[in-house]
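Shared between the two complexes below is chain A, which has chain B as its partner in the first and chain C in the second.
Entry: the complex of A and B
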């Protein structure tokens, strides 16, 4: 039982990370209609930037994460302008290929600056609390709380603020939204900025409990893609439910079966879902 | 038709001659010949990807893994199980065909972005199996001592030039298959699917069967290339199955020209040459190549062959269609059908 509570806490923390990363990805898909294959690389960059601001600049942990989020949000706007805006009339295959190029570039740049080895980021908050007999580290509690707060803020942003409502409008009908005076380019830029800020926060939160390496984005990006496919591309509730489901399944399979089973669990769930419903559980976006 | 020389045929003939005489031109430079042979193997794999991506318009990210499965089948069977190369090679081809067919059954239920992500997950799953199933695949230590093809009569495959011609034979086969496909009803169905799946369906193309065949064929060709690679290289590691392999194939295709007959050859040779030049700058390589991929899809989505085709006078382009309208280049899909 203690082991179960312990692993449930780990699963929830991991789920929080997955949710933040997956929502960013699903937002970009909803607005621009293609999966950003560079998302994992951007996550990795977010972790390294947090490391940089925390260790080299000496900012406090929370400020370091925010600084990384701001830098990545800015990078998102730049990428949208330089890469995806010029491609807006191309087939979506070209967008995906372009994101592959971006991914190669980011991984190579990080390797060049920080080297190919592993980096360890000192956990800014140590200690553990006892929950129902299990020891849960403060870092994991911080992750869960932050994830929930960010999710609430994001829901408010999308449902109540003009920029967020514009994003939803564009997701529903691009032409219709443009007709009532919403600027699609502006919305694309905002979406990229929000998406990358979210992934930077996810990376900043996870950095103290994982090692940093240029390849750290690879497995995350696959997991996150599995999540948004599972939930249905472009669906926010799908990303949240998918995120926690996959994380808990992964942690439990790894605990009670084997580490390899944890990795495989994701893909077995994914293949099973797609074999039954090829557009995911909450998928409504029609393919063109 | 005029009797004047068709510049496109001339181009194909030039490439063919260059490939045929390469071992003589490079005699004494074993290393360079090996580089060209490896590039030719990658070109075969790129032809595999070309069928599903270039012709059918479905971005499959599992092809690096199919390549790896072919390589590992030959690698493991010729070492641990002491099969001859020929039987192992046949097993690799049959194995990847079956794998491609079965995974196509599920993967092709999805479309567009779902398909791309699903195949990426499939590729990763295969990669995980190779890395984790240590008792069979040797995980990170890889497989070494993979056999060369055994002699057939007087033909000795340990001779680099012989191996090169052996690979070239399959390369020519892959190029010819693509050419024949483009001029057959099956190939035209694929191009119709690329243009619009709904439209293709409405004019009576059996989309499901066509896609299934295209995916299976492309997996077979990738697996075949993998088998050749294992034998030529003598060693394979988990890297051979990774997603980076897929991305490299993508790069070859993009540079050469998606959906063209000569694109994969030209792209692979050119990139192999670039890689050799950038070899000292191991990590810088992708700092240069990443932006090149992005620039290519933005400014030259039709690749080198696409550009060369534009230089060709209209009367040579196609026997049975009217010349393309000039203004339709930006929005339309990657290449005009039948482009060489």
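Entry: the complex of A and C
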């Protein structure tokens, strides 16, 4: 039982990370209609930036994460203007190729600045608390709480603010959105900024637990794509439910079966869900 | 007032509209008749900035809006209610209406008054304001689409085939509402295949065929024109 509670806490923390990363990806997909293959690399950059702000600049942990989020949000606007906006009238394959280009570029930049080896970030908060007999580290509690707070803020932003409503409108009907006077370029920029800020927060939260390396985004990228396909492409609730489902399944399989079974569990669930509902849990059939 | 001169437009190098001249006066109801593929929707898209015309000019209240963005055109008071409605299906009726006032969102009081006017015009929408727009019947969805266009407080409303796919009784209701909107002083530019009903409520009209204006005149003249009678009125 203690082991179960312990692993459940680990699963929830991992789920929080997955959610934040997956929502960013699914938002960009919903608004711009292409998968951002550079998402994993941006996650990696977010982790390095948090490391930089914490270790080199000396900012407090939470402030360092926020600083990384701001930098990535700004980078999102720059990428949209510089790379994706000029491609807006070309087929979606061109966008995908461009995201691969961005991915290689970011990995190369990070290797140039921080080197190709592993970096360890000092854990800024130590200690553990006892929850139902299990020892849960403060870091994991911070992850869970931050993820929930960010998800609530994001929901408020999407449902209540004009910019958020504009994002939803474009996702649901591009022509309708244009005719009520929503500027698609503006919404694309806001979406990229939000998406990248979210992935930076995810990376900043996970940085003290995992080692940093230029390739750290690769496995996350794969998992996060599995999550948004499982939840339904472009669906926000899908990304949240998918994120926690996959994370808990991964942690539990790794604990009770074998370490290797953890990653296999992700794709077994994905295949099982797609066999029953090919559009994912909340997906609707759309033609693009 | 809208003055269109020599407007041409194309999709992927296929010319659809050929040097069209059309005038729609404030407060009047101008109808554009034409079969499927005659260029009605293309004309409207070129007017509201969704499609870039290849030649010609669109003037709205004396101002050249040919190169304006859709947002800029809505702000100036020209609203386009598109063919096929293009609602936000997963959002509630009220959110759809509120997004119609996207360009007026700075003025909360005005938006509230506009929302009340929409509900007065379509009381059923008030009843269903919390329901997802996509779950409504076709006629109610058309009401949401018209209401959403009115939320931008236009002086001129472009309506693209509002009767499409609706039962005759519902079509009549929609037409009654269009007359009511027009009586409030809002100019209406209406595209229809349903020539009979449209000419009954219109002030003047144009007939489009293969992207060209082939006939124009007052609604009376068009109703009595033998070519219109043969082609559209089944006389």
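In the analysis below, the second predicted complex is superposed on the first by the 287 of 288 C-alpha atoms of A that agree within 3 Å, B and C clash if a C-alpha of one lies under 4 Å from a C-alpha of the other, contacts with A are read in each partner's own complex, and residues count from 1 in each chain.
One rule holds in what follows: a residue touches a chain if its C-beta (ideal position, glycine included) is under 8 Å from a C-beta of that chain, and two chains touch if they have at least 3 such contacts.
None of these values were measured; they are calculated from a predicted model.
Participant: One more residue to check, A:165. First (chain B), second (chain C), both or neither?
Facilitator: In the superposition, A:165 contacts chain C only.
Participant: Go through the superposed model and pick first if A:109 touches only chain B, second if only chain C, both, or neither.
Facilitator: Touch partner of A:109: chain B, not chain C.
Participant: Output check: A:263 vs chain B and chain C. Expected answer is one of first, second, both, neither. What do you get?
Facilitator: After superposition on chain A, A:263 lies in contact with chain B alone.
Participant: Of chain B and chain C, which one touches more of chain A's residues?
Facilitator: B
Participant: Figure out whether A:131 sits in contact with chain B (first) or chain C (second), or with both, or with neither.
Facilitator: So A:131 meets neither chain B nor chain C here.
Participant: Would you sort A:271 into first (chain B), second (chain C), both or neither based on which partner it touches?
Facilitator: The first partner, chain B, only.
Participant: List the residues on chain A that touch chain B in their complex, please.
Facilitator: 29, 33-35, 37, 83, 86-87, 89-94, 96-98, 100-109, 111-112, 116, 218-219, 222, 225-226, 229, 233, 260, 263-264, 267, 270-271, 274-275, 278-280, 287-288
Participant: Hey, which residues of chain C end up touching chain A in the complex?
Facilitator: Of all residues in chain C, those touching chain A are 48, 50, 69-71, 74-75, 79-82, 85-91, 95, 98-100, 102-103, 105, 148-149, 151-152.
Participant: Any idea which chain A residues touch chain C in the complex?
Facilitator: 162, 165-166, 168-169, 172-173, 175-183
Participant: Spell out the part of chain B that touches chain A in their complex, as residue ranges.
Facilitator: Interface residues on the chain B side: 53, 57, 59, 106, 109-114, 116-118, 120-122, 124-125, 128, 132, 243, 247, 250, 254, 283-287, 289-294, 297-298, 301, 330-331, 333-334.
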